[in-house]
Amino acid sequence: MADDTVTGPSPGGPGLVADLRVPGRLDARVTAVPGEVVAVIGPNGAGKTTMLRALAGLVELEGSVEVDGASWTDPPRLVRERSLGFVFQDQSLFPHLSALDNVAFGLRSRGVARARAAATAHEWLDRFGIDDLAGRRPHELSGGQAQRVAIARALAPAPSLLLLDEPFAGLDVGVATALRLELARHLASYDGIALLVTHDALDALTLADTVLVLDGGRVAQTGTPHDVAARPRTDHVARLVGLNVIRDDDSFRSFSPSAVTVSLAQPEGSARHRWHGTVLSAAPHGDAVRLLVGADRELIADVTPAATAELGLVPGRAVWLSVKETAVQTYALGPT
Amino acid sequence: MRVPVKIATLAALSLLLPLAACGGDDESSQDRTITVLAAASLTGTFTDLADRFERDHPGVTVKLAFDSSATLAQQAVDGAPADVLATADTATMDSAEPALDGDPEVFATNTMVLVTPADNPAGISGFDDLDRGDVTYVACVDTAPCGKVAAALFADNDLTTHPASLEVDVKAVLAKVTSDEADAGFVYATDAVAAGGDVETLEIPHAADEITPYPIATLAQSEDGALAQEFVDLVTGTTGQQVLADAGFGKP
Amino acid sequence: MTTHATGRTLGSTLGRPPLALVLPGALAAALLVVPLVTLVLDTPWGSFLDQLGTRAVRDALRLTALASAITVVVCVALGTPLAWLLARVDFPGRTLLRAAVAVPLVLPPVVAGVALVTALGRNGLVGSLLRDATGWTIPYTTTAVVIAHTFVSMPFYVLSVEGALRASGERYDVVAATLGADRWTTFRRVTLPLAMPGVIAGAILAWARSLGEFGATITFAGNYPGTTQTMPSLIYQALQSDPEVARTLSMILLVVSVATLAALRNRWLTTP
């Protein structure tokens, strides 16, 4: 995997350089080098799926898409002429074709002979450990099996660009975890560019080289997963990675929920950061209890179960939150 | 299973009840009405005669139903509410015998002629031209009265070709000719007269041997037998005969 | 099996079917079933085989079978592409064309025949051109029968297939495109197989309509034994002279159609 994404691809060279503008929905620039996995995260309606569809040519696009030095937009290429694999959220396996024929479909469409396409498809199913299901129709597959077939189908023709739209949505947690590990393995050996739309911080952290945060159709932040998780610039990402983030005029302040002290009386002393509010919800979080507190903003705080009982921290309870200065990380409001 | 069957029977009965209720209502109306079932070839003449009849009998309405003779005869036998039946041949009239009130009377005759479109595209100058082989001609199907006559004429004249199509009635034959879809057609002299300038008429040899008689009779189910008989008298009387002659019918 | 069990449980726990549905439903069923039953009862079965053996009946049956089979083939060959165009391609006048396709459904068959005459008759717009160019005329031929049958049957087929194409949606077409398939490949390998239930239903509807077709055929193609006289024409003709024969002939048509449908069902419709 690429360690350094700051360099980025050079125009005309290998990799992806895209300037995606869909009026009213998306205005984002995305770049990636071959082998790079870009996780696209952001709240619902941020334009994540639109970004994938724009790259695939499924929505009308202003701007440009260049892959490995060739333009897909000038002159415009048909969807089928773009070297891409698309993994849809609902798998969208052809219901009338077997798992094998689904995986072989892209190869057959691109002119690979029947026998060779079948052999390659078998290889792919084998890599996902489901070659014994080759003859099954989609309705005879479990959700996890179907998603494996869908990913194998997208990868089989060896596309330059792999687009995955929330591939683990709707799967059981256990199934999703197993599949995530498998996907990590396949992405590691995949030398094209992968864009993974997800709403799960874990996906972004475990699978991606780069995280691209979309908010309101614009890129709010890009960086390594570590970078984005440590210094989130949007409430959404902060919530995803479990941090409190406060945006000031020219900087961000972030702090972990476990650094928050909860008290019923107004805290005294040196704490510069304190808020008064009411408990909105309380839910187990690992060994702790995570409180969502509505102050002038929503903040999260982790407290021990003992403290929860002692202070009577049930929804509706008025509390004071405070954080020590040393637990707060401040970073500049850089260019997106 | 049992309940649905009962319901179905009830449902079927409920369908019939309103119909039964309709039957006896006519008595209340003061106006008198007779219904005449007449062969389709009588459309023009009988409409004219019905108008005259209504004029001579104030308060009387004549309803006319035109169809093929066989259909009308069947309807008469099935008890259709009608007073007079006039058919285009004696065989169908005979088939309606159970429904007749008294003996049928022949009131007109018809002969068969050959008609071509006005511009005569196939250049037919006589009946023999039908045997040329390149002439598309049509006649009635031989289960219809007009078809029986046509078939007899084919035989009488030793015709070796056959029609392109056997139409269900004489109107369909005429329509094929007037629309130029056929070069010639076998129709009654009355149809040729009615078509006027749209067709050219040629005589058929031996046609006089195959004259079609038109019988008329009052029906047993008539509720106003006297009035029905008056209509029959109009048809067979001087006025009726004149109207029929004008339309191309022959004398009985 | 499970569906059956569920159906039974629900039926008993949800209560009796309301009379407001049972009564009209039973009335509808009675209206459909009673005339069929009386037709069967009324049939002079003694003469059934005699009638079946006559030349006219065998000719008409043969022609009906031939014409309806060719009609289905023509509907599938031409109607499927039309249904696809209507369902998938946004062209000017599409709404108008879809309405026009449905018109023969409501057109009295005789009027359909007249319409065909104005287009393909000896002096029709297209027919006269054809006649001038080749000397060939369509009316009074078996071809004319097939054309008339296709004209009245095609709407059933096209609307059925278009419905199936719309129901399966463009979603899989999009998937196929992302996998590099051109539209023709997509149509063959994805769109058509997914619309297959609609294709089969449409073909059966078209076939059934073709079997009973009478008005347009007799008006446009004419009526001559062996070339243009189909069973319904023969039945209508028999009705003019001998209603009893007509009933027997109707029963022959009914028996043949039901038997064919049953055979097709065993062959194709039970395996999904």
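Letters A, B and C name the chains as they come in the text, with residue numbers starting at 1 for each one.
Operating definition for what follows: a residue touches a chain if its C-beta (ideal position, glycine included) is under 8 Å from a C-beta of that chain, and two chains touch if they have at least 3 such contacts.
All values derive from a computational prediction rather than experimental measurement.
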Intersection of contact partners for chain B and chain C: none
Most centrally placed chain - per-chain CA mean versus overall CA mean: C
From chain C, the most remote chain by mean C-alpha position: A
Intercentroid distance (Cα basis), chain C paired with chain B, Å: 34
Whole-Å gap separating chain A and chain C, where each centre is the average of the chain's CA atoms: 53
Computed distance of Cα centres, chain B from chain A, in Å: 84
Junction residues of chain C, two or more chains touched: none
Junction residues of chain B - those touching two or more other chains: none
Residues of chain A engaged with two or more neighbouring chains: none
Interface residues, chain A side, partner chain C - complex: 56, 58, 78-81, 84-86, 88, 92, 94-96, 105-106, 108-110, 153-154, 157
Residues of chain B touching chain C in the complex: 4, 7-8, 11-12, 14-15, 68, 70-71, 74, 136, 138, 141, 143-144, 162-168, 172, 176, 179-181
Chain B-touching residues of chain C, taken from the complex the two chains share: 22-23, 26-27, 29-31, 33-34, 117, 121-123, 137, 139-140, 218-219, 221-225, 228-229, 236-243
Chain C residues touching chain A - in the complex, by the definition given at the top: 171-172, 174-182, 185, 189-190, 193-194, 196
